[in-house]
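Next come the structures, one after another.
Look at the two complexes coming up: chain A is in both, with chain B in one and chain C in the other.
After this line comes the complex of A and B, so read on.
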């Protein structure tokens, strides 16, 4: 069966860099494409942004709401709580 | 008419500084913290040895008995550089300001039981002198420490200590209805009151420690590890029974700071103790010496504040600190 891809595109900034690193570390199936000023991450079926992974990289508590400061666009249904911001298709 | 917007990508020839890239093992974008701390301090080609201490180079790893293969292993888990430090502390300060406004606006000081208020003025306000001693010790670590990762974090800590001394000054004034006598009494207590003398002596002794890493252990692990929890938690809890909510609100900054600063202290001690058995033994020895000094100094203060329960309260704080230190790899 063909799994429908989800994606998230973030600005290529100092703030977004640890988020991108965390996504790539937590989602082994994800592929990354670099464009001028932005970074697009695609994955089959699901992308999870885990708050603890970002927290570990930046050395302070990270709230998944802060993701929106760096997001350019999303593709997928969102499921968000305090610990994880998840994209998938319902 | 059709307008086509073309974008052209310019790929930077370097992603970061060469010395940072060497640290990371590859040329990739580095965090501001890494760029602001890695390998910044001069390590060779010094001209003169300082006239005031010709036995050492101006930056010299031999200024401490601790031996590290890489002095930049002393990372700060909070990743503080100028911007992150200021953003973090500005938020903490805004919260403190709000607490002061509330205490003054609702006149919460008037609700404190009169006997307890006198005790608070005696146990809390003289700590501004303790914080000033801690400020000097932090400056010493920053001055004689080796490697920007530890010295930059130490200078931020020094600013914190000065800030806390200022907060305590404000608390002293508010508790004395804005009468300067509140501060004068505290100074006199620090200089003359029998229950303060062991702590004053311990603080003054830390000011003349030669080895900067010992200064760090004495101040940040031993003295702070006993005095801060005892005053801002144990004494504070006792105060809540005497309607001293105002004191808790105004000193919340110190509680938050301790939790935040502890992450840095724990990381430094863990890295150092893991480096070698000799380091672990050395800093364990310093820890035991200064912990005992801190405990001795805390007991009279705890007894004058909590009465007969004082000794037990200090024992409890000491047990918690020992457990923490053991967790960091020290023998307690």
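After this line comes the complex of A and C, so read on.
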């Protein structure tokens, strides 16, 4: 696996907070940096945003496409599907 | 309940499923622009947009973004949001951003519409169409911010007129003119990949976080709302590059050259952003150097390692650009400080606490090269001799920035390159800009260089006030030092009135 860093930055909002929590719970290698109005998450090689994890936290079905409302920027190749949104390098 | 169609299948159906092959017209007649650059595409179906966003989902999410954004814009206007910013000097950065970048958003809207019509792959058409709409949205939301700040602050009253005329605005304008006058695949490489993927983080992310830190609700809101689209645009950029490289080996050197060219073009343009971050934000998030390390070196490094398997190497002059992180913001500030009499924003003398911060962030260069100059300028101002450079600067033929950058191995010597073309000499500011000029001299000899145009008598007259009138600058309000400006006076009155009850005005 290519362990070059992948990264996702989200707005620091009510909508994004459970997504951030889910990412940190599901990606133990991830590190988080807080900046005014935004939160940057980095991890070696891969970050997965698991729909079920976010759903569990917000108490309703969460569609990975809802990420579009909260994401600021990302780095890595994207794989988007119904149950997971994934960033990685080949 | 009907079973939900899986995302991948839905994306197939609503992109390629809606397309058709031409029968009674030759496809080459319908799509006349996508072959002349020499790019070979064998199978457009190999295109896979990683964000599987279909039109129905696009409108749903964009509508939600707009609802949130306009609620905040309304609130800023209703609640005197201009009072919440840290300092009126902060607005200098926003004036530069709004007058420099917002017209580019509109240009991008137009050109992505052009691409959506003229690229023959369906996935690419859909992505370009969405991006065209996004860019129009960005232009509109930024114009709302202009509209609000224009009620209270100077220099924002005629941004479209100024964009076509004013010397420093020719830097972003010529960057985009260069891109839209290129072929479709070069435009994708220039804007979607080199600018959006590799460099736009430096424009939007730390700068918008800086806006938040400085209490600028209007800017943070349009900035992050735009940036949420930007992650889709970046992804399009990466997809375009991978698609072109996978389609045919012959595409690799063509794409590599475009990456080399547009990385450097973008780097030069972002020198302005570096200056805004280091000098114009009263409260700092991070230095330009730190942002460069995070986004260009670390993230860019990971990206180019990923692309190495296609035979793509990091951009030419990448190391020079990295080396410039120690100096570029200081050099650009120096240029704008001395020509602020000809600009629609203010500059000011830097106070000691700010200098100490710069010194800590730039331990290798600030005290040695830049602090003495700032000290001298401050002293001159104190003696009533605020420094304005009344000679017009020579401009780089490619980036159009005054020739104030320095040699890679010597930050005290101006870097100055000369090329000959058809018996004339052309000057560029760096190896990067000279490389670009030498590859397409027939393009860059046509550059509309503001200083040349002034000397040729095309800009309202021979004297500086004539030119500034032609720019539509309000002399004595928009331009000159912040110290003593009407804006400083207004800001001080606002701040004083916070402590003294005053009847509503």
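Methods note: the second predicted complex is superposed on the first by the 88 of 90 C-alpha atoms of A that agree within 3 Å, B and C clash if a C-alpha of one lies under 4 Å from a C-alpha of the other, contacts with A are read in each partner's own complex, and residues count from 1 in each chain.
Here is the rule we use: contacts are C-beta pairs under 8 Å (C-beta built on N, C-alpha and C of every residue); 3 or more make two chains touch, one makes a residue touch a chain.
Keep in mind the model is a prediction, meaning the values are calculated, not measured.
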| item | value |
| --- | --- |
| Which of chain B and chain C A:36 touches, first, second, both or neither | both |
| Touching partner for A:18 - first (chain B), second (chain C), both, neither | first |
| Chain B versus chain C as contact partner of A:90, first or second or both or neither | second |
| First (chain B), second (chain C), both or neither touched by A:5 | second |
| First, second, both or neither for A:75, with chain B first and chain C second | second |
| Of chain B and chain C, the chain that contacts the larger number of chain A residues | C |
| Contact residues common to both interfaces of chain A (with chain B and with chain C) | 35-36 |
| Sites on chain B touched by chain A in the complex | 7-10, 29, 31-33, 76-79, 84, 88 |
| Footprint of chain C on chain A - complex, ascending | 2, 4-7, 9, 11, 35-38, 65-66, 68-82, 89-90 |
| Partner chain A, residues of chain C touching it in the complex | 6-8, 50-53, 57, 61, 64-65, 68, 200-201, 204-206, 208-210, 212-213, 220, 224, 227-228, 230-232, 234-235, 238, 285, 298-299, 301-303, 305-306, 309 |
| Chain A to chain B touching residues, read off their complex | 14, 17-18, 35-36, 58-60 |
